[in-house]
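Chain naming follows the written order as A, B and C, and within any one chain the residues start at number 1.
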Amino acid sequence: MTTTAPLQVERISEVTASDASLRGFLHGLPGVDQVGAEARVATMSSRSIKTTAKQWAIDLAISMIDLTTLEGQDTPGKVRALCAKAMRPDPSDPSVPRVAAICVYSDLVAVAAHELRGSGVKVASVATAFPSGRASMAVKLQDTRDAVAAGADEIDMVIDRGAFLSGRYLEVYDEILAVKEACGHAHLKVILETGELGTYDNVRRASWLAMLAGGDFIKTSTGKVSPAATLPVTMIMLEAVRDFRDSTGRQIGVKPAGGIRSSKDAIKHLVVVNETAGDDWLDPDWFRLGASSLLNDLLMQRTKIATGRYSGPDYFTLD
Amino acid sequence: MAGKKFTYAPAPESRAILDLRSSYGLFIGGEFVDSIDGRTFKTISPATEEVLAEVTEAGEADVDRAVQAARRAYERIWSKLAPRERGKYLYRIARIVQERARELAVLESLDNGKPIRESRDVDIPLVAAYFFYYAGWADKLPYAGFGPDPRPLGVAGQVIPWNFPLLMLAWKIAPALACGNTVVLKPAETTPLTALLFAEICQQADLPPGVVNIVTGAGETGRALVEHSGVDKVAFTGSTEVGKMIARSTAGSKKKVTLELGGKAANIVFDDAPIDQAVEGIVNGIFFNQGHVCCAGSRLLVQENVADIVVSSLKRRLGTLRLGDPLDKNTDVGAINSAEQLARIRELSDVGEEEGAERWSPPCELPDRGFWFPPTVFTGVTQAHRIAREEIFGPVLSVLTFRTPAEAVEKANNTPYGLSAGVWTEKGSLILWMANQLRAGVVWANTFNRFDPTSPFGGYKESGFGREGGRHGLEAYLATGNRGRDV
Amino acid sequence: MSDRLSVRKTYKLYVGGKFPRSESGRSYEVTDAKGGFLANAALASRKDARDAVQAARKALPEWSAATAYNRGQVLYRVAELLEGRRGQFVAEVAAGEGLTTRKAEAAVDAATDRWVWYAGWADKIMQVQGSANPVAGPYFDFSIPEPTGVVAVLAPQGSSLLGLVSVVAPVIVAGNTCVVLASERAPLPAVTLSEVLATSDLPGGVVNLLTGRVAEVAPWLASHMDVNAIDLVGAGSDQAIDLEVAAADNLKRVLRPTDEDWASEPGLHRMLAFLETKTVWHPIGV
């Protein structure tokens, strides 16, 4: 089958050979018409997901959550509580699936890794001078190595948006490449911080750049910049991973993060996954939701479906 | 590709909101009345073939009664009413349409077969918007550019098609009434119900009796209306064939005529297009409303160097379309409106195959009852194929290729029709050049099938004449100069 | 008085910027209002009408794509030349319509002024007739008038110059090209007008002028599938019905005959009758 993407795998090294070739490639990607993209998302958002479909989607969404705490006030105690919740989101209902991962700062990775050992819940750590990305390369790499050494299964790095926006694509590429190497066996999620990129065209270019450089996941946001994950951005990124796989045979995951708070939002994201990238991405290995408060809303909806009545926040743990 | 994992459970819109009667009369002089000869016909749901209601068939004498009622209302009330008051009636109607939007949407989808998502999100909101827009014109006509004291024409005879039943009614009735005319409207025989519900809305709005009259029936009823000597204005939306008959039958009369007819629009995709949005535009262009759209983008002209990419993306996207129950909120493609139309689509599609074009449809289960046709794409089509020239009026896309902008224009314009066209490119100067060159009344650039009450719509060449919508749309209902020797 | 023998003029058709005789080789006698012989005019045939339509179609792309400013200038230049031939037109109009010299002068002057009036519309009609449409969504939406294409014009029978100018100028000012069938009874001013047009900057084929019988030529124009519109003002009532029926074959825009007072303010409707409205949509986004 002919593919939508203009790149064959054997050409990747050519593309990344120089700043000029990389620039030529990224700017040669088909543009994104903002109005058309948003109209498409609006149509998908109007899907009516009810009954059995809703039940299935809620459980899938829970299993895709990267349960996140990224605050200055984070403590080992807080992280331990979060880990308990990750493994058993609803203590009164063992049928609730565990979440995909816990996401913390690198200094708390060891605590999380200890708590989660053998549970199947992964430990993800932000790194590379999160959230701004403004530090020397050496610091960023050390940050990464520390997190991996402490037991992180996944590294969420931020790209240098300044370099990206000023057109120094090769610099961004090299940085991702270096971090990927520092990750060793850990999976690398590349945070594009789409809220700072300004256009969907840039989101598409940054997505391709991250994938070319070897990122395992592309992630929308740090959660520290508004807007964070939006449905159109998620759709553009899903189109990118879809086209990238068509071109190269390599499947990349997508993680919208930040701003997804309600079950309704989460289900809309799953609809967009379903109708943009399809079945292969409807799996916690390939799609994640970076969130914290979302989990409780999903649990409340789940209870509503099971019991037939609306639940309240008092019935769910706050961590 | 639409996955198999995430199956959307049925999400049917409830019919409980509808209070459908078992039979409907003609709406003449503000009341529902029987026909003189008592003839009736049944209207069915094309999705299930279930009989929805029995509807009265208006004969010549009934049409005559309706025209007389409209004439009386015109002379005694409507033409004497202060323009501001006319406007207020239209505002009332717009508001009632909004209040009863769900009911109208459900009925439209039942009677027409179109997905509730479209009737709910497109048709009915636009109906309200057209009434709202033209309501405001009623007392501003001296500023519309048609002279200081523009006059109405009198009684308008309006015949509308089945593809957008209530929306076409709004396109016709709103400007007619705003300009001070009264109307006799004939909805299509397969989709009369929302027009009859609209008659109830007129009653609810206390619209003076006779200002709006609805006569139901088939072609003969339409002919009687168009040819009636008491009609001052004929407005028709439908096939080019019938449009020509109307142009002949009104020749030499004083009737002002506007015709909105068929099309065979080219949707032109250049190699620098935003491909994902272009694919959406292609889908929206030909599969919106099952392709029952006069301005449908039924010819995809794609630049040769991206043809494979565009076609494969398109096919993948078509795999996500959901065909089925029009009342299900997740349905994208509904039922074909009638057995007759289905036969025509089948016939032309078979011809396409016989002529050597390659036929493709996504895997798609068709319901057992009702009239259904899967989204269909023909590749390897040339200008000489019938499927590239004739209006199919169904979910069938013909794909042709071109190499240069000039070739795209040449192929796009190589048709007797000239209703609409689409252009997809990120190059601004090319968009404007194409827009200049295309002989079509509406050019959608990097979008398709958008409608708005402020935006004039209508065709070049055999797609008809006159414009509907916007300030331009007023002209069809005002005496603005040449109407015939005796004026 | 000199006894010099005058050089008589041969009145020919004007097609594609050239002056052919009728391909049929026929001509007909043109008389003054009292029946006195004036000249022989070419009697156009079906094939002349066909050739004229072809010439008009060929001239359309260039003329319709000319800038409005250029069209206005070309038309104004025509008015200058009309003025220069004033004496000749007055004589022809007086003879053909049976007017006094004073009335003929008034008609010729009005015709020149009418031409100037229309020339000025070239770069204004789009502003008056176009619009930006405030649609409810993130789109820029505008409507502009465009020429309908090739227009057949049956010129008024009575007013051989003022009427003629009043129906030809509005057709071409907005970029249409036309085939004109001159007043059957008084065609000489039309032929002289064609000589004016030929020496002006108007590209050949924009106006094609035939002389002959309405009954013979008009049906071919009305039924011609490559003619986009027809002005029936020069047709009789009964003829007009048949012509309108024939025009329906390709849904020509039809301007029905009316009793016009050519001296009065013309208004826009003759221009608007041969304009299409094109609406263009484009999204607004980043």
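Quick notes
Convention: contacts are C-beta pairs under 8 Å (C-beta built on N, C-alpha and C of every residue); 3 or more make two chains touch, one makes a residue touch a chain.
Everything quoted here is computed from the prediction, not taken from an experiment.
Of the two chain pairs shown, A-B and B-C, the one joined by more C-beta contacts is B-C.
On a Cα centroid basis, the chain most remote from chain B in this structure is A. If each chain is reduced to the average of its C-alpha atoms, the one that sits nearest the average of all protein C-alpha atoms is B. Computed from the mean C-alpha positions, the centre of chain A lies at a distance of 69 Å from the centre of chain C.
Put simply, the C-alpha centre of chain A and that of chain B have 44 angstrom between them. Centre-to-centre separation of chain B and chain C, using mean CA positions: 37 Å.
In chain C, 137, 139, 283 are the positions where the chain touches two or more neighbouring chains simultaneously. For chain A, residues that reach two or more other chains under the stated contact definition are 33, 35-36.
In chain B, the residues that reach two or more other chains under the touch definition are 446-447.
Per the touch definition, chain A reaches chain B in the complex via residues 1-4, 30-33, 35-37, 39-40, 43, 46-54, 56-57, 60, 239, 270-271, 274-275, 278-279, 282.
Touching chain C in their complex are the following residues of chain B: 129, 145, 147, 240, 243-244, 247-248, 251-252, 259, 261, 416, 431, 435, 440-447, 450, 452, 454-458, 460-462, 464-465, 467, 470-472, 480-485, 487. Note for the complex: chain C touches chain B at residues 128-129, 131, 133-137, 139, 141, 143, 148, 228, 237, 240-242, 244-245, 247-251, 253-259, 267-270, 272-273, 276-283.
By the touch criterion stated above, chain B contacts chain A in their complex at residues 1-11, 117, 121, 272-277, 280-281, 308-309, 312-313, 320, 329-330, 426, 446-447. Within the complex, the chain A residues that touch chain C are 33-36, 38, 198-200.
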